[in-house]
Amino acid sequence: MHVTMEEAQKAIEAARAKAVSLDTQMCIAVVDSGGNLKAFHRMDDAWVGSIDIAQKKAKTALFFGMKTGQIGQLSQPGGPLFGIEHSNDGLITFPGGIPIVDKDGVMSGAIGVSGSTVENDHTVAEAGASAIGATELPDHPWRT
Amino acid sequence: MHVTMEEAQKAIEAARAKAVSLDTQMCIAVVDSGGNLKAFHRMDDAWVGSIDIAQKKAKTALFFGMKTGQIGQLSQPGGPLFGIEHSNDGLITFPGGIPIVDKDGVMSGAIGVSGSTVENDHTVAEAGASAIGATELPDHPWRT
Amino acid sequence: MHVTMEEAQKAIEAARAKAVSLDTQMCIAVVDSGGNLKAFHRMDDAWVGSIDIAQKKAKTALFFGMKTGQIGQLSQPGGPLFGIEHSNDGLITFPGGIPIVDKDGVMSGAIGVSGSTVENDHTVAEAGASAIGATELPDHPWRT
Amino acid sequence: MHVTMEEAQKAIEAARAKAVSLDTQMCIAVVDSGGNLKAFHRMDDAWVGSIDIAQKKAKTALFFGMKTGQIGQLSQPGGPLFGIEHSNDGLITFPGGIPIVDKDGVMSGAIGVSGSTVENDHTVAEAGASAIGATELPDHPWRT
(Lines give C-alpha, C1' and ligand atoms only; values in the text may rest on other atoms or scores of the structure.)
Protein backbone atom coordinates (compact mmCIF):
# COMPACT_ATOMS: atom_id res chain seq x y z
CA MET A 1 0.00 0.00 0.00
CA HIS A 2 2.80 2.40 0.93
CA VAL A 3 5.46 3.33 -1.61
CA THR A 4 8.57 1.25 -0.85
CA MET A 5 12.07 2.62 -0.38
CA GLU A 6 13.11 0.93 -3.62
CA GLU A 7 10.31 2.73 -5.47
CA ALA A 8 11.07 6.03 -3.75
CA GLN A 9 14.71 5.83 -4.82
CA LYS A 10 13.70 4.98 -8.38
CA ALA A 11 11.41 8.01 -8.44
CA ILE A 12 14.13 10.29 -7.06
CA GLU A 13 16.68 9.03 -9.56
CA ALA A 14 14.30 9.66 -12.46
CA ALA A 15 13.45 13.12 -11.13
CA ARG A 16 17.11 13.95 -10.63
CA ALA A 17 17.99 12.85 -14.17
CA LYS A 18 15.26 15.12 -15.54
CA ALA A 19 16.45 18.01 -13.36
CA VAL A 20 20.01 17.57 -14.66
CA SER A 21 18.76 17.54 -18.27
CA LEU A 22 16.96 20.84 -17.59
CA ASP A 23 20.09 22.28 -15.97
CA THR A 24 18.24 22.90 -12.67
CA GLN A 25 19.00 22.20 -9.00
CA MET A 26 16.04 20.66 -7.21
CA CYS A 27 14.82 19.48 -3.85
CA ILE A 28 12.87 16.22 -4.28
CA ALA A 29 10.67 14.70 -1.57
CA VAL A 30 8.64 11.47 -1.50
CA VAL A 31 5.94 10.80 1.13
CA ASP A 32 4.03 7.57 1.80
CA SER A 33 0.25 7.10 1.78
CA GLY A 34 0.02 8.53 5.30
CA GLY A 35 1.76 11.74 4.22
CA ASN A 36 4.90 10.82 6.17
CA LEU A 37 8.34 11.50 4.65
CA LYS A 38 9.90 8.47 2.95
CA ALA A 39 12.89 9.99 1.11
CA PHE A 40 14.41 13.38 0.43
CA HIS A 41 17.19 14.51 -1.91
CA ARG A 42 18.60 18.03 -2.20
CA MET A 43 20.81 18.53 -5.22
CA ASP A 44 23.94 20.62 -4.68
CA ASP A 45 23.20 24.36 -4.94
CA ALA A 46 19.43 23.91 -4.63
CA TRP A 47 17.73 26.71 -2.67
CA VAL A 48 17.47 26.27 1.08
CA GLY A 49 13.89 27.55 0.92
CA SER A 50 12.94 24.68 -1.35
CA ILE A 51 13.55 22.06 1.35
CA ASP A 52 10.25 22.85 3.01
CA ILE A 53 8.36 23.61 -0.21
CA ALA A 54 9.24 20.26 -1.80
CA GLN A 55 7.99 18.43 1.29
CA LYS A 56 4.83 20.52 1.53
CA LYS A 57 4.09 19.94 -2.18
CA ALA A 58 4.38 16.18 -1.70
CA LYS A 59 2.12 16.31 1.34
CA THR A 60 -0.42 18.56 -0.36
CA ALA A 61 -0.71 16.20 -3.34
CA LEU A 62 -1.07 13.23 -0.98
CA PHE A 63 -3.56 14.93 1.34
CA PHE A 64 -6.11 15.45 -1.43
CA GLY A 65 -5.09 13.03 -4.17
CA MET A 66 -4.49 15.75 -6.76
CA LYS A 67 -1.64 17.56 -8.46
CA THR A 68 -0.86 20.67 -6.46
CA GLY A 69 -1.44 22.96 -9.43
CA GLN A 70 -5.03 21.74 -9.70
CA ILE A 71 -5.64 22.57 -6.06
CA GLY A 72 -4.12 25.99 -6.76
CA GLN A 73 -6.70 26.63 -9.46
CA LEU A 74 -9.51 25.79 -7.02
CA SER A 75 -8.08 27.93 -4.20
CA GLN A 76 -7.77 31.31 -5.96
CA PRO A 77 -9.73 34.27 -4.54
CA GLY A 78 -13.39 33.58 -5.28
CA GLY A 79 -12.70 29.89 -5.90
CA PRO A 80 -14.33 27.07 -3.94
CA LEU A 81 -11.23 26.23 -1.90
CA PHE A 82 -9.91 29.76 -1.26
CA GLY A 83 -7.67 29.65 1.79
CA ILE A 84 -7.21 25.86 1.96
CA GLU A 85 -3.45 26.45 2.35
CA HIS A 86 -4.07 27.46 5.96
CA SER A 87 -4.84 23.84 6.87
CA ASN A 88 -2.48 21.01 7.72
CA ASP A 89 0.35 23.26 8.97
CA GLY A 90 0.57 24.95 5.58
CA LEU A 91 -0.01 23.67 2.07
CA ILE A 92 1.72 24.61 -1.18
CA THR A 93 -0.80 24.90 -3.99
CA PHE A 94 1.27 25.69 -7.07
CA PRO A 95 2.65 23.03 -9.44
CA GLY A 96 5.33 20.53 -8.44
CA GLY A 97 3.44 18.04 -6.26
CA ILE A 98 2.01 14.88 -7.85
CA PRO A 99 0.27 11.78 -6.44
CA ILE A 100 1.81 8.36 -7.07
CA VAL A 101 -0.88 5.80 -7.95
CA ASP A 102 -0.23 2.07 -8.06
CA LYS A 103 -1.49 -0.43 -10.66
CA ASP A 104 -4.69 -1.01 -8.66
CA GLY A 105 -5.57 2.69 -8.79
CA VAL A 106 -4.66 3.24 -5.16
CA MET A 107 -2.53 6.22 -4.07
CA SER A 108 0.65 4.82 -2.49
CA GLY A 109 2.39 8.15 -1.93
CA ALA A 110 3.31 11.43 -3.61
CA ILE A 111 6.31 13.36 -4.87
CA GLY A 112 7.10 17.05 -4.44
CA VAL A 113 9.74 19.06 -6.31
CA SER A 114 10.95 22.63 -5.78
CA GLY A 115 13.90 24.63 -7.07
CA SER A 116 13.17 26.21 -10.43
CA THR A 117 10.14 27.58 -12.30
CA VAL A 118 6.85 25.89 -11.46
CA GLU A 119 6.84 24.47 -14.99
CA ASN A 120 10.22 22.84 -14.43
CA ASP A 121 9.24 21.71 -10.93
CA HIS A 122 6.15 20.03 -12.39
CA THR A 123 8.09 18.41 -15.23
CA VAL A 124 10.63 16.97 -12.82
CA ALA A 125 7.92 15.70 -10.47
CA GLU A 126 6.13 14.04 -13.40
CA ALA A 127 9.35 12.30 -14.41
CA GLY A 128 9.75 11.00 -10.87
CA ALA A 129 6.19 9.83 -10.31
CA SER A 130 5.84 8.29 -13.77
CA ALA A 131 8.90 6.13 -13.17
CA ILE A 132 6.99 4.08 -10.60
CA GLY A 133 3.25 4.54 -11.23
CA ALA A 134 0.40 6.57 -12.58
CA THR A 135 -0.17 10.20 -11.55
CA GLU A 136 -3.96 10.44 -11.55
CA LEU A 137 -6.51 8.66 -9.38
CA PRO A 138 -9.20 6.84 -11.41
CA ASP A 139 -11.92 9.10 -9.94
CA HIS A 140 -11.88 12.34 -8.03
CA PRO A 141 -14.74 14.51 -6.76
CA TRP A 142 -12.91 17.77 -7.47
CA ARG A 143 -12.18 16.90 -11.11
CA THR A 144 -14.64 18.25 -13.62
CA MET B 1 -25.08 24.25 27.15
CA HIS B 2 -22.53 22.13 25.35
CA VAL B 3 -23.55 19.57 22.77
CA THR B 4 -23.66 16.18 24.52
CA MET B 5 -21.89 13.06 23.34
CA GLU B 6 -25.27 11.51 22.57
CA GLU B 7 -26.13 14.48 20.35
CA ALA B 8 -22.71 14.47 18.73
CA GLN B 9 -23.07 10.82 17.81
CA LYS B 10 -26.54 11.43 16.42
CA ALA B 11 -25.16 14.26 14.27
CA ILE B 12 -22.30 12.12 13.02
CA GLU B 13 -24.60 9.23 12.19
CA ALA B 14 -26.90 11.52 10.20
CA ALA B 15 -23.94 13.08 8.41
CA ARG B 16 -22.44 9.70 7.65
CA ALA B 17 -25.74 8.42 6.23
CA LYS B 18 -25.92 11.45 3.94
CA ALA B 19 -22.30 10.97 2.88
CA VAL B 20 -23.00 7.33 1.99
CA SER B 21 -26.07 8.36 -0.02
CA LEU B 22 -23.87 10.79 -1.99
CA ASP B 23 -21.22 8.09 -2.51
CA THR B 24 -18.58 10.20 -0.77
CA GLN B 25 -15.94 9.54 1.92
CA MET B 26 -15.94 12.22 4.58
CA CYS B 27 -14.18 13.38 7.71
CA ILE B 28 -16.78 14.63 10.21
CA ALA B 29 -15.91 16.66 13.33
CA VAL B 30 -18.11 18.02 16.12
CA VAL B 31 -16.88 20.68 18.57
CA ASP B 32 -18.59 21.96 21.71
CA SER B 33 -19.51 25.56 22.53
CA GLY B 34 -15.91 26.17 23.64
CA GLY B 35 -14.60 25.15 20.23
CA ASN B 36 -13.05 22.01 21.71
CA LEU B 37 -13.26 18.67 19.87
CA LYS B 38 -16.13 16.48 21.02
CA ALA B 39 -16.19 13.73 18.39
CA PHE B 40 -14.46 12.85 15.14
CA HIS B 41 -15.17 10.22 12.52
CA ARG B 42 -13.06 9.49 9.42
CA MET B 43 -14.82 7.24 6.93
CA ASP B 44 -12.62 4.62 5.26
CA ASP B 45 -10.76 6.07 2.24
CA ALA B 46 -11.42 9.70 3.21
CA TRP B 47 -8.51 12.02 2.38
CA VAL B 48 -5.83 12.39 5.01
CA GLY B 49 -5.81 16.15 4.39
CA SER B 50 -9.47 16.36 5.41
CA ILE B 51 -8.77 15.39 9.03
CA ASP B 52 -7.51 18.86 9.80
CA ILE B 53 -9.91 20.69 7.48
CA ALA B 54 -13.03 19.11 9.02
CA GLN B 55 -11.90 20.15 12.49
CA LYS B 56 -10.95 23.66 11.36
CA LYS B 57 -14.35 24.08 9.65
CA ALA B 58 -16.15 23.10 12.84
CA LYS B 59 -14.01 25.49 14.88
CA THR B 60 -14.41 28.33 12.38
CA ALA B 61 -18.21 28.00 12.44
CA LEU B 62 -18.18 27.91 16.24
CA PHE B 63 -15.71 30.76 16.66
CA PHE B 64 -17.99 33.22 14.86
CA GLY B 65 -21.44 31.62 14.97
CA MET B 66 -21.75 31.44 11.20
CA LYS B 67 -21.58 28.92 8.40
CA THR B 68 -18.03 28.84 7.08
CA GLY B 69 -19.13 29.75 3.58
CA GLN B 70 -20.60 33.02 4.85
CA ILE B 71 -17.30 33.90 6.50
CA GLY B 72 -15.61 33.05 3.21
CA GLN B 73 -17.73 35.64 1.41
CA LEU B 74 -16.67 38.30 3.92
CA SER B 75 -12.97 37.36 3.75
CA GLN B 76 -12.35 37.66 0.01
CA PRO B 77 -9.79 40.24 -1.19
CA GLY B 78 -11.28 43.68 -0.56
CA GLY B 79 -13.85 42.27 1.88
CA PRO B 80 -14.25 43.40 5.49
CA LEU B 81 -12.68 40.25 7.00
CA PHE B 82 -9.90 39.73 4.45
CA GLY B 83 -7.20 37.60 6.07
CA ILE B 84 -9.24 36.41 9.06
CA GLU B 85 -8.02 32.87 8.32
CA HIS B 86 -4.66 33.82 9.83
CA SER B 87 -6.22 33.92 13.30
CA ASN B 88 -6.86 31.09 15.74
CA ASP B 89 -4.12 28.82 14.39
CA GLY B 90 -5.79 28.81 10.98
CA LEU B 91 -9.41 28.97 9.87
CA ILE B 92 -11.13 27.32 6.91
CA THR B 93 -13.57 29.71 5.29
CA PHE B 94 -15.25 27.70 2.55
CA PRO B 95 -18.48 25.70 3.00
CA GLY B 96 -18.73 22.65 5.22
CA GLY B 97 -18.77 24.13 8.74
CA ILE B 98 -22.12 24.85 10.40
CA PRO B 99 -23.15 26.02 13.89
CA ILE B 100 -25.43 23.83 15.98
CA VAL B 101 -28.08 25.92 17.76
CA ASP B 102 -30.32 24.55 20.51
CA LYS B 103 -34.05 25.17 21.00
CA ASP B 104 -33.34 28.31 23.07
CA GLY B 105 -31.37 29.88 20.22
CA VAL B 106 -28.04 29.25 21.94
CA MET B 107 -25.06 27.83 20.03
CA SER B 108 -24.14 24.50 21.67
CA GLY B 109 -21.46 23.46 19.20
CA ALA B 110 -20.66 23.14 15.51
CA ILE B 111 -20.01 20.49 12.88
CA GLY B 112 -17.35 20.44 10.17
CA VAL B 113 -17.22 18.15 7.14
CA SER B 114 -14.49 17.67 4.51
CA GLY B 115 -13.86 15.11 1.80
CA SER B 116 -15.66 15.98 -1.42
CA THR B 117 -16.80 19.11 -3.26
CA VAL B 118 -17.68 22.05 -1.02
CA GLU B 119 -21.32 21.57 -2.05
CA ASN B 120 -21.29 17.97 -0.85
CA ASP B 121 -19.36 18.91 2.28
CA HIS B 122 -22.00 21.53 3.08
CA THR B 123 -24.91 19.14 2.40
CA VAL B 124 -23.45 16.50 4.69
CA ALA B 125 -22.78 19.06 7.44
CA GLU B 126 -26.35 20.32 7.17
CA ALA B 127 -27.68 16.78 7.53
CA GLY B 128 -25.59 16.33 10.66
CA ALA B 129 -26.41 19.64 12.35
CA SER B 130 -30.10 19.48 11.47
CA ALA B 131 -30.42 16.11 13.16
CA ILE B 132 -29.92 17.73 16.55
CA GLY B 133 -30.76 21.44 16.27
CA ALA B 134 -31.06 24.56 14.18
CA THR B 135 -28.19 25.89 12.06
CA GLU B 136 -28.64 29.66 12.33
CA LEU B 137 -28.43 31.91 15.35
CA PRO B 138 -31.53 34.12 15.88
CA ASP B 139 -29.47 37.29 15.38
CA HIS B 140 -25.99 37.95 14.11
CA PRO B 141 -23.98 41.17 13.72
CA TRP B 142 -22.39 40.06 10.44
CA ARG B 143 -25.69 39.11 8.78
CA THR B 144 -27.02 41.79 6.47
CA MET C 1 -3.33 -2.46 6.86
CA HIS C 2 -5.00 0.56 8.45
CA VAL C 3 -7.55 0.12 11.21
CA THR C 4 -11.02 0.47 9.65
CA MET C 5 -13.76 2.78 10.88
CA GLU C 6 -15.78 -0.26 11.94
CA GLU C 7 -12.87 -1.48 14.05
CA ALA C 8 -12.23 2.00 15.47
CA GLN C 9 -15.85 2.28 16.58
CA LYS C 10 -15.74 -1.15 18.15
CA ALA C 11 -12.62 -0.17 20.09
CA ILE C 12 -14.17 3.09 21.23
CA GLU C 13 -17.36 1.36 22.36
CA ALA C 14 -15.38 -1.19 24.40
CA ALA C 15 -13.24 1.56 25.92
CA ARG C 16 -16.29 3.63 26.75
CA ALA C 17 -18.02 0.68 28.41
CA LYS C 18 -14.94 0.11 30.56
CA ALA C 19 -14.77 3.83 31.43
CA VAL C 20 -18.41 3.78 32.50
CA SER C 21 -17.80 0.71 34.67
CA LEU C 22 -14.93 2.58 36.37
CA ASP C 23 -17.12 5.66 36.82
CA THR C 24 -14.71 7.82 34.84
CA GLN C 25 -15.07 10.38 32.02
CA MET C 26 -12.56 9.78 29.25
CA CYS C 27 -11.30 11.15 25.96
CA ILE C 28 -10.63 8.25 23.58
CA ALA C 29 -8.66 8.61 20.34
CA VAL C 30 -7.84 6.08 17.61
CA VAL C 31 -5.14 6.72 14.97
CA ASP C 32 -4.32 4.67 11.87
CA SER C 33 -0.95 3.11 10.97
CA GLY C 34 0.28 6.47 9.64
CA GLY C 35 -0.46 8.16 12.96
CA ASN C 36 -3.39 10.09 11.48
CA LEU C 37 -6.61 10.51 13.51
CA LYS C 38 -9.31 7.98 12.66
CA ALA C 39 -11.88 8.51 15.42
CA PHE C 40 -12.28 10.52 18.61
CA HIS C 41 -14.85 10.40 21.41
CA ARG C 42 -15.07 12.76 24.40
CA MET C 43 -17.42 11.56 27.10
CA ASP C 44 -19.55 14.23 28.74
CA ASP C 45 -17.66 16.01 31.54
CA ALA C 46 -14.25 14.74 30.44
CA TRP C 47 -11.45 17.28 30.93
CA VAL C 48 -10.77 19.67 28.10
CA GLY C 49 -7.04 19.13 28.60
CA SER C 50 -7.47 15.44 27.86
CA ILE C 51 -8.48 16.08 24.24
CA ASP C 52 -4.89 16.67 23.22
CA ILE C 53 -3.37 14.13 25.60
CA ALA C 54 -5.53 11.27 24.35
CA GLN C 55 -4.50 12.03 20.77
CA LYS C 56 -0.81 12.40 21.67
CA LYS C 57 -0.90 9.10 23.59
CA ALA C 58 -2.34 7.31 20.56
CA LYS C 59 0.29 8.88 18.29
CA THR C 60 3.14 8.12 20.69
CA ALA C 61 2.16 4.44 20.88
CA LEU C 62 1.88 4.29 17.10
CA PHE C 63 5.11 6.18 16.43
CA PHE C 64 7.25 3.62 18.26
CA GLY C 65 5.08 0.50 18.44
CA MET C 66 5.02 0.41 22.24
CA LYS C 67 2.71 1.18 25.12
CA THR C 68 3.31 4.75 26.19
CA GLY C 69 4.15 3.74 29.76
CA GLN C 70 7.06 1.63 28.50
CA ILE C 71 8.45 4.61 26.62
CA GLY C 72 8.06 6.61 29.81
CA GLN C 73 10.26 4.16 31.66
CA LEU C 74 12.98 4.54 29.02
CA SER C 75 12.79 8.34 28.93
CA GLN C 76 13.35 9.15 32.61
CA PRO C 77 16.36 11.32 33.56
CA GLY C 78 19.44 9.17 32.98
CA GLY C 79 17.48 6.74 30.79
CA PRO C 80 18.38 5.96 27.18
CA LEU C 81 15.50 7.98 25.68
CA PHE C 82 15.54 10.98 28.05
CA GLY C 83 13.87 13.90 26.29
CA ILE C 84 12.20 11.93 23.47
CA GLU C 85 8.98 13.81 24.23
CA HIS C 86 10.43 16.85 22.46
CA SER C 87 10.08 15.11 19.10
CA ASN C 88 7.08 14.83 16.82
CA ASP C 89 5.38 18.02 18.07
CA GLY C 90 5.23 16.60 21.59
CA LEU C 91 4.80 13.07 22.89
CA ILE C 92 3.00 11.81 25.99
CA THR C 93 5.02 9.10 27.68
CA PHE C 94 2.88 7.98 30.61
CA PRO C 95 0.36 5.12 30.44
CA GLY C 96 -2.81 5.25 28.34
CA GLY C 97 -1.53 4.77 24.78
CA ILE C 98 -1.48 1.26 23.30
CA PRO C 99 -0.68 -0.14 19.83
CA ILE C 100 -3.33 -2.13 17.96
CA VAL C 101 -1.81 -5.17 16.26
CA ASP C 102 -3.68 -7.26 13.70
CA LYS C 103 -3.73 -11.05 13.39
CA ASP C 104 -0.62 -10.98 11.16
CA GLY C 105 1.40 -9.19 13.83
CA VAL C 106 1.29 -5.87 11.97
CA MET C 107 0.46 -2.60 13.76
CA SER C 108 -2.73 -1.24 12.17
CA GLY C 109 -3.16 1.72 14.51
CA ALA C 110 -3.19 2.73 18.15
CA ILE C 111 -5.56 3.96 20.86
CA GLY C 112 -5.01 6.71 23.41
CA VAL C 113 -7.08 7.41 26.52
CA SER C 114 -6.95 10.32 28.99
CA GLY C 115 -9.24 11.54 31.76
CA SER C 116 -8.55 9.75 35.02
CA THR C 117 -5.55 8.20 36.79
CA VAL C 118 -2.93 6.74 34.51
CA GLU C 119 -3.91 3.30 35.79
CA ASN C 120 -7.51 3.86 34.73
CA ASP C 121 -6.43 5.43 31.45
CA HIS C 122 -4.34 2.34 30.72
CA THR C 123 -7.11 -0.08 31.69
CA VAL C 124 -9.60 1.68 29.43
CA ALA C 125 -7.12 1.76 26.53
CA GLU C 126 -6.46 -1.97 26.97
CA ALA C 127 -10.18 -2.67 26.86
CA GLY C 128 -10.44 -0.72 23.62
CA ALA C 129 -7.42 -2.18 21.85
CA SER C 130 -8.14 -5.74 22.97
CA ALA C 131 -11.61 -5.58 21.45
CA ILE C 132 -10.11 -5.53 17.96
CA GLY C 133 -6.60 -6.97 18.13
CA ALA C 134 -3.45 -7.69 20.09
CA THR C 135 -1.57 -4.97 21.98
CA GLU C 136 2.05 -6.06 21.58
CA LEU C 137 4.17 -6.38 18.45
CA PRO C 138 5.76 -9.84 18.04
CA ASP C 139 9.27 -8.34 18.31
CA HIS C 140 10.60 -4.99 19.44
CA PRO C 141 14.17 -3.70 19.76
CA TRP C 142 13.43 -1.67 22.90
CA ARG C 143 11.90 -4.60 24.80
CA THR C 144 14.24 -6.42 27.10
CA MET D 1 32.17 23.54 2.84
CA HIS D 2 28.82 21.84 2.89
CA VAL D 3 28.53 18.09 2.57
CA THR D 4 27.78 17.32 -1.09
CA MET D 5 24.91 15.17 -2.31
CA GLU D 6 27.45 12.57 -3.46
CA GLU D 7 28.89 12.42 0.05
CA ALA D 8 25.44 12.36 1.65
CA GLN D 9 24.43 9.41 -0.48
CA LYS D 10 27.67 7.60 0.35
CA ALA D 11 26.99 8.15 4.05
CA ILE D 12 23.41 6.92 3.76
CA GLU D 13 24.47 3.82 1.84
CA ALA D 14 27.07 2.97 4.48
CA ALA D 15 24.56 3.56 7.27
CA ARG D 16 21.93 1.49 5.52
CA ALA D 17 24.37 -1.41 5.01
CA LYS D 18 25.20 -1.35 8.72
CA ALA D 19 21.50 -1.22 9.64
CA VAL D 20 20.82 -4.25 7.44
CA SER D 21 23.71 -6.15 9.05
CA LEU D 22 22.16 -5.41 12.47
CA ASP D 23 18.71 -6.52 11.24
CA THR D 24 17.23 -3.10 12.06
CA GLN D 25 14.97 -0.67 10.18
CA MET D 26 16.26 2.89 10.40
CA CYS D 27 15.48 6.45 9.45
CA ILE D 28 18.68 8.17 8.31
CA ALA D 29 19.02 11.93 7.87
CA VAL D 30 21.93 14.08 6.67
CA VAL D 31 22.05 17.87 7.19
CA ASP D 32 24.54 20.35 5.79
CA SER D 33 26.71 22.79 7.74
CA GLY D 34 23.73 25.16 8.00
CA GLY D 35 21.65 22.48 9.72
CA ASN D 36 19.40 22.21 6.67
CA LEU D 37 18.20 18.81 5.42
CA LYS D 38 20.33 17.41 2.61
CA ALA D 39 19.09 13.83 2.32
CA PHE D 40 16.69 11.49 4.09
CA HIS D 41 16.08 7.76 3.80
CA ARG D 42 13.40 5.75 5.64
CA MET D 43 13.91 2.01 5.37
CA ASP D 44 10.76 -0.04 4.88
CA ASP D 45 9.04 -0.79 8.21
CA ALA D 46 11.00 1.87 10.13
CA TRP D 47 8.94 3.60 12.84
CA VAL D 48 6.95 6.63 11.78
CA GLY D 49 8.09 8.41 14.95
CA SER D 50 11.72 8.07 13.88
CA ILE D 51 11.29 10.39 10.88
CA ASP D 52 11.39 13.44 13.10
CA ILE D 53 13.88 12.03 15.60
CA ALA D 54 16.49 11.18 12.96
CA GLN D 55 16.30 14.73 11.59
CA LYS D 56 16.41 16.29 15.05
CA LYS D 57 19.45 14.17 15.98
CA ALA D 58 21.30 15.33 12.86
CA LYS D 59 20.41 18.95 13.60
CA THR D 60 21.34 18.67 17.27
CA ALA D 61 24.78 17.26 16.42
CA LEU D 62 25.31 20.00 13.84
CA PHE D 63 24.02 22.82 16.02
CA PHE D 64 26.67 22.21 18.68
CA GLY D 65 29.38 20.21 16.90
CA MET D 66 29.04 17.23 19.22
CA LYS D 67 27.63 13.73 19.25
CA THR D 68 24.10 13.89 20.61
CA GLY D 69 24.88 11.48 23.43
CA GLN D 70 27.52 13.88 24.76
CA ILE D 71 24.99 16.70 24.83
CA GLY D 72 22.66 14.34 26.65
CA GLN D 73 25.20 13.86 29.40
CA LEU D 74 25.45 17.64 29.85
CA SER D 75 21.69 18.18 29.85
CA GLN D 76 20.64 15.81 32.64
CA PRO D 77 18.91 17.31 35.70
CA GLY D 78 21.54 19.32 37.57
CA GLY D 79 23.84 19.45 34.53
CA PRO D 80 25.12 22.64 32.92
CA LEU D 81 22.85 22.37 29.86
CA PHE D 82 19.71 21.11 31.57
CA GLY D 83 16.74 21.93 29.36
CA ILE D 84 18.70 22.74 26.18
CA GLU D 85 16.27 20.48 24.28
CA HIS D 86 13.71 23.28 24.49
CA SER D 87 15.70 25.37 22.02
CA ASN D 88 15.73 25.27 18.23
CA ASP D 89 12.22 23.85 17.88
CA GLY D 90 13.25 20.77 19.87
CA LEU D 91 16.51 18.87 20.18
CA ILE D 92 17.14 15.15 20.68
CA THR D 93 19.95 14.56 23.12
CA PHE D 94 20.41 10.80 23.22
CA PRO D 95 22.83 8.89 20.96
CA GLY D 96 22.39 8.61 17.19
CA GLY D 97 23.45 12.07 15.95
CA ILE D 98 27.06 12.61 14.86
CA PRO D 99 28.94 15.52 13.24
CA ILE D 100 30.66 15.00 9.90
CA VAL D 101 34.09 16.68 9.85
CA ASP D 102 36.14 17.14 6.67
CA LYS D 103 39.91 16.63 6.23
CA ASP D 104 40.59 20.25 7.27
CA GLY D 105 38.84 19.73 10.61
CA VAL D 106 35.80 21.72 9.54
CA MET D 107 32.27 20.48 10.21
CA SER D 108 30.56 20.00 6.83
CA GLY D 109 27.33 18.48 8.14
CA ALA D 110 25.91 15.83 10.44
CA ILE D 111 24.04 12.53 10.34
CA GLY D 112 21.12 11.40 12.51
CA VAL D 113 19.78 7.85 12.86
CA SER D 114 16.70 6.54 14.66
CA GLY D 115 14.84 3.22 14.68
CA SER D 116 16.31 0.79 17.18
CA THR D 117 18.14 0.93 20.52
CA VAL D 118 20.28 4.02 21.05
CA GLU D 119 23.35 1.78 20.82
CA ASN D 120 22.31 0.54 17.39
CA ASP D 121 21.30 4.04 16.30
CA HIS D 122 24.76 5.30 17.28
CA THR D 123 26.56 2.43 15.55
CA VAL D 124 24.66 3.03 12.32
CA ALA D 125 25.32 6.78 12.47
CA GLU D 126 29.03 6.16 13.03
CA ALA D 127 29.13 3.89 9.99
CA GLY D 128 27.52 6.61 7.91
CA ALA D 129 29.63 9.52 9.09
CA SER D 130 32.89 7.57 9.00
CA ALA D 131 32.34 6.70 5.35
CA ILE D 132 32.91 10.32 4.37
CA GLY D 133 34.88 12.04 7.14
CA ALA D 134 35.88 12.26 10.78
CA THR D 135 33.31 12.43 13.58
CA GLU D 136 35.03 14.73 16.09
CA LEU D 137 36.03 18.36 15.76
CA PRO D 138 39.73 19.04 16.55
CA ASP D 139 38.78 21.23 19.52
CA HIS D 140 35.57 21.83 21.39
CA PRO D 141 34.70 24.14 24.31
CA TRP D 142 32.36 21.58 25.89
CA ARG D 143 34.86 18.73 25.80
CA THR D 144 36.66 18.18 29.08
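Just so it is clear, A, B, C and D label the chains in written order, and each chain counts residues from 1 on its own.
Definition applied: a residue touches a chain if its C-beta (ideal position, glycine included) is under 8 Å from a C-beta of that chain, and two chains touch if they have at least 3 such contacts.
Only a predicted model underlies this, so the values are computations on that prediction, with no experimental measurement involved.
Superposition angle, subunit A onto subunit B, using Cα atoms only: 90 degrees, a multiple of 5 between 0 and 180. Spacing of subunit A relative to subunit D, judged by their CA centroids, is 27 angstrom. Centre-to-centre separation between subunit B and subunit D, using Cα means, comes to 44 Å. Residues of subunit B in contact with at least two other chains: 48. Of all possible chain pairs, those that touch are A-B, A-C, A-D, B-C, C-D. Within the complex formed with subunit D, the residues of subunit C that make contact are 33-35, 59-60, 62-65, 77-78, 80-84, 86-89, 91, 141-142. The touching residues of subunit B, counted against subunit A in their complex, run 24, 47-50, 52-53, 56, 72, 75-77, 85-86, 90-94, 115-118, 120.
By the touch rule above, subunit C contacts subunit A in their complex via residues 1, 32-36.
By the touch criterion stated above, subunit B contacts subunit C in their complex at residues 2, 4-5, 34, 36-44, 48, 51.
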